[in-house]
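Look for chain A in each of the two complexes below; its partner is chain B in the first and chain C in the second.
Here is the complex of A and B:
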């Protein structure tokens, strides 16, 4: 193919999506940075002006922000941790299933494919303190005297995490299942010939070969969990100590119409997610180095 | 088969069925509540089967003119998003996968950067922009942001897919007198339908499910998509759990169909980046 002709073709192929990303993507990203240095309330649109770092100063002293950062962190660590452990267990259960594989896979994918709002609605129905399934069963078993308020103070975060784990463990399981399928059978045969037990095979064959897949799942899940919005919005609206950073930012931006301060918080959230993903990618690099044990 | 290994196989199957039950139980509960009468919903202890089973809740979902409109909105938005994303993403993925693109890493990094930026950070400025353009409550206010956020996924999946096609395809097309552009349109795209369907299924599901943008970009009941309508249901009425359950069940029908038909493609799409 002639070089100039190919260059022209490449331009025609790439230009539409790059222009689209530049207009739709670069604009909001850059304007967040600019807005974060301004005082800009949608309700008083005339009084906008450059205020330097004052939004960031306010952020540093904002105890709600600190509280929500901690809650977001808690939600992320516990839910992603549980999803990895359960996802690995499910993946190992489903590996090498022949009969009934399609039915099992479909059942597993369903929670992931649902709107998060739907999943959260289901769980709010199941955990409802007056008409919910869980309290009813516990009551019939005689385990509780009065209904437990699952979405009230103390328990709400746990219930939110549970709903998230139910919905996203399938995603982790699918990624890890692909990892298990990529391990050649000879590895297991060789390990068995060497007289390795089940635990040893898992520890020294499966787990090391699965590391890159675990890292991918960990990266995607952590980034998503740290930006969590829907589940919590539907289950508690951020009450009972479940407010996460995305919910707080939503309130500042769209309830108080404080675009300046909201933008500063967004930039902070972006920075945190970016740093987190850098750390995780570093961890991935390390784990992708050849295993020598 | 020894007794021991038979016991093990049985045990494994019990666990597998257990996993499936945990995944499906909430659906059963939703169906149960949606078929119950309003008074049965508030009975404690609950009925584990609807007795009597009534379809009133479904009727009231469709009698309110709003919800069918919400379903239609979701359908239009998800379909347009899928088409636009594939229209933009497929050519880009083709160039990245099969042509000598200079600064390839940079182009890939641009798409990846979009994927990392928090949605809550895009929604503010895009809201201001859409409001200025008078597009709040319109389909473009959702289709354009959704296309932006699903473009990285589409490029990612399709780059991998195009990479797996044999290199002789274009050569044959060129020998037959096709221009390079025609080779892409007439030869590569038609043989890539499995990859395109994989990407399309994931994009459609994503757009059908999205909540945050939909919540902010729409302000009238008639312009809402399904997830927002569902989330705001509770606020409108005195917690009509039966109707909420019925509406929720109806809203997931498209997703159920997609998962049933494209189960294999969805798994392939999700794992596209993980193996080489």
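Here is the complex of A and C:
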């Protein structure tokens, strides 16, 4: 291994990066935590001061926070669910394809590569009720009499979820594809020899071996989906029951300049996402049965 | 361990390089002390009229140099940038151009300075803009240019049907039934959940005799709640009876404007800027655009929501006297006239509307002036952003059918009363 002198050198070389990460990462988190116990509005300098738990009390009674929490939760569950199913389907497809694999891979990755804001702007045009592609096609097919308002009341959340699923399915597909490739061929051969049907192979060989990969994809996507901002901001601005926690926090911090309350909300969001991740990790560990022979 | 020679050389080079960089950047800050530099922050003026005016001012004031700091076009982005600068007590900007809705907020925060006594003659300016620069009886800014909601209509369609320009909502709905083109819409406006929704909503509310003023909510909350509820019910009825399309709840200015200038709707509520699109080249309705005050309920008066921008002096300016002199110039008759003729910016001085040159360049200003005499401000409060969100959220959700009008009205009255009291 490394001699002590080398170890010290390594520490010194790493130190700047560590300091950087500590400052850029830990400092904001800590300062938000501290701010959450204060009344601090950029505009009202004379009203600033320590207020203990009052921001958190206010949060507990905030009906907008509760509603947005529910909407965020709904968005997360539906979109991550869809992404997993579609991502798996895409991964299995990519796994079988021999010819044109590179081209197909590239095409599949494209949505993920596009900046979210750009993609969302495209979707807002496609779903526009008067000049959008979707209504135009549906109208020409005679499927609808009057334009459907995709980004209006009732349908807005579905449209946002669709736009998000389109963008992030490739991410899940790539992870699951790596998982599929890691399944040794012998397992499939053995299963076939035992007379297992397609579905049984999938259920008893593929799926269990994919579990760790599904877990990773699920964890990442859930954490991301819970903190979603740009897709919804561009499509609806949060209107028609699509407002999420991130949007509300943005408004409180930057529109109302209420740093104290905004920080309390950020800490709450951090706690929720953290807990969610712990639950997922726990769940994944418990459900990891050994692969049956 | 031997240190390689290249490492030493590199280290020295880096040090010298960064030292030089530091010296160069700091030296750029040295000022020529005999010239007073004033910085004026405002949104872009694509017509160039403002830049020309500033050049003129600099030429005629040898000891002063005014420079124009261009801010982002989006008003909310500008707002957030100013909040950042002013929270940090930025001294480099002396004069801020401000959206009419920011006065109370900035005044309360102590970021802008009250105007000296007698600095402007209030009677020389339109009443709406004057109201927007006043907070708790003190004037904090000078009105620069204005905007107000108008009813645009198709002169040809109304003439064909032999109808007069609608003055009441009943007349408008009746006219819509008669003249709406096949597959088109009747009356389009801005109903998306954003600042524009408040402007539209207030026009509906004021036209029925209601108001969101602090005094009104405090003295008669039940009456105020009823007025708000009835207004929401009325707007919903427009959507339910197809006078306005359901998609109006996703429209902002350009969405609704396009429908009108494409000839798809006979009536539009929008800002003065639409005129140049409707009557400009390539417009499908060129020659057939009419403007009028918005309709009101039977027995009430029409009011338009005031938009526009004012000019204020920063509390952290190091040259307040010179800055005030420039403010006087840029909001003077000559400057407003120039900006009206070259840039189409609606003047805030009453006299400018009677100026021959201005009217020659913009004959439709005569119609605008009538509307501008009946304008009102959105609620004035240092907590305006929250106030705006409360109204936007509740109105939009009630119009979407997510909550019922009574709940929305109560929430608005309760939350606004609480915000006014802070």
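Methods note: the second predicted complex is superposed on the first by the 284 of 293 C-alpha atoms of A that agree within 3 Å, B and C clash if a C-alpha of one lies under 4 Å from a C-alpha of the other, contacts with A are read in each partner's own complex, and residues count from 1 in each chain.
We adopt the following convention: contacts are C-beta pairs under 8 Å (C-beta built on N, C-alpha and C of every residue); 3 or more make two chains touch, one makes a residue touch a chain.
Just so it is clear, the model here is predicted, and its values are computed rather than measured.
Asker: Can A:37 be said to touch chain B (first), chain C (second), both, or neither?
Answerer: A:37 contacts neither chain B nor chain C.
Asker: Counting touched residues of chain A, say whether chain B or chain C comes out ahead.
Answerer: The partner that reaches more residues of chain A in the superposed model: B.
Asker: Going by the contact rule set out at the top, does A:251 touch chain B (first), chain C (second), both, or neither?
Answerer: In the superposition, A:251 contacts chain C only.
Asker: Could you tell me if A:152 is touching chain B, chain C, both of them or neither one (first, second, both, neither)?
Answerer: In the superposed model, A:152 contacts chain C only, not chain B.
Asker: After superposition on the shared chain, which partner residues are touched by A:277: those of chain B (first), chain C (second), both, or neither?
Answerer: first
Asker: Is A:261 in contact with chain B, with chain C, with both, or with neither (first, second, both, neither)?
Answerer: In the superposition, A:261 touches no partner, neither chain B nor chain C.
Asker: Looking at A:174 after the superposition, I want to know if it touches chain B, chain C, both of them or none. Which is it: first, second, both, neither?
Answerer: A:174 sits against chain B, while chain C stays out of touch.
Asker: Between chain B (first) and chain C (second), which does A:130 come into contact with in this model arrangement: first, second, both, or neither?
Answerer: both
Asker: Between chain B and chain C, whom does A:75 touch in the aligned arrangement: first, second, both, or neither?
Answerer: Once the two structures are laid over each other on A, A:75 reaches no partner at all.
Asker: What is the contact status of A:240 with respect to chain B (first) and chain C (second): first, second, both, or neither?
Answerer: second
Asker: For chain A, give the residues common to its interface with chain B and its interface with chain C.
Answerer: 5, 42, 130, 254
Asker: So in the complex, which bits of chain B are touching chain A?
Answerer: Spelled out, the residues of chain B in touch with chain A are 12, 15-16, 19-20, 22-24, 26-27, 29-30, 33, 41-42, 44-46, 87-89, 91-92, 94-96, 99-101, 107, 110-111, 113-114, 116-129, 144-145, 147-148, 151, 155, 174, 180-181, 184, 205, 208-209, 211-212, 216, 226-228, 230-231, 241, 244-245, 248, 251-252, 255-256, 258-260, 263-264, 266-267, 270-271, 273-275.
Asker: Once bound in the complex, which stretches of chain C touch chain A?
Answerer: 1, 76, 80, 83, 87, 105, 108-111, 192-194, 246-247, 249-250, 255, 259, 382-383, 385-386, 389, 393, 396, 400-402
Asker: What residues of chain A sit close enough to touch chain B in their complex?
Answerer: 1, 5-6, 9-10, 12-14, 16-18, 20-21, 24-25, 27-29, 31-32, 35, 42, 90, 93-94, 97, 102-111, 113-119, 121-123, 125-126, 128, 130-131, 133, 135-137, 139-140, 166, 170-171, 174-175, 177-179, 182, 212-213, 216, 223, 227, 229-230, 233-234, 246, 249-250, 253-254, 259, 262-263, 266-267, 269-270, 273-274, 277
Asker: Which stretch or stretches of chain A touch chain C in the complex?
Answerer: Interface residues on chain A, with respect to chain C: 5, 42-45, 64, 129-130, 147, 149, 151-154, 236-241, 251, 254-257.
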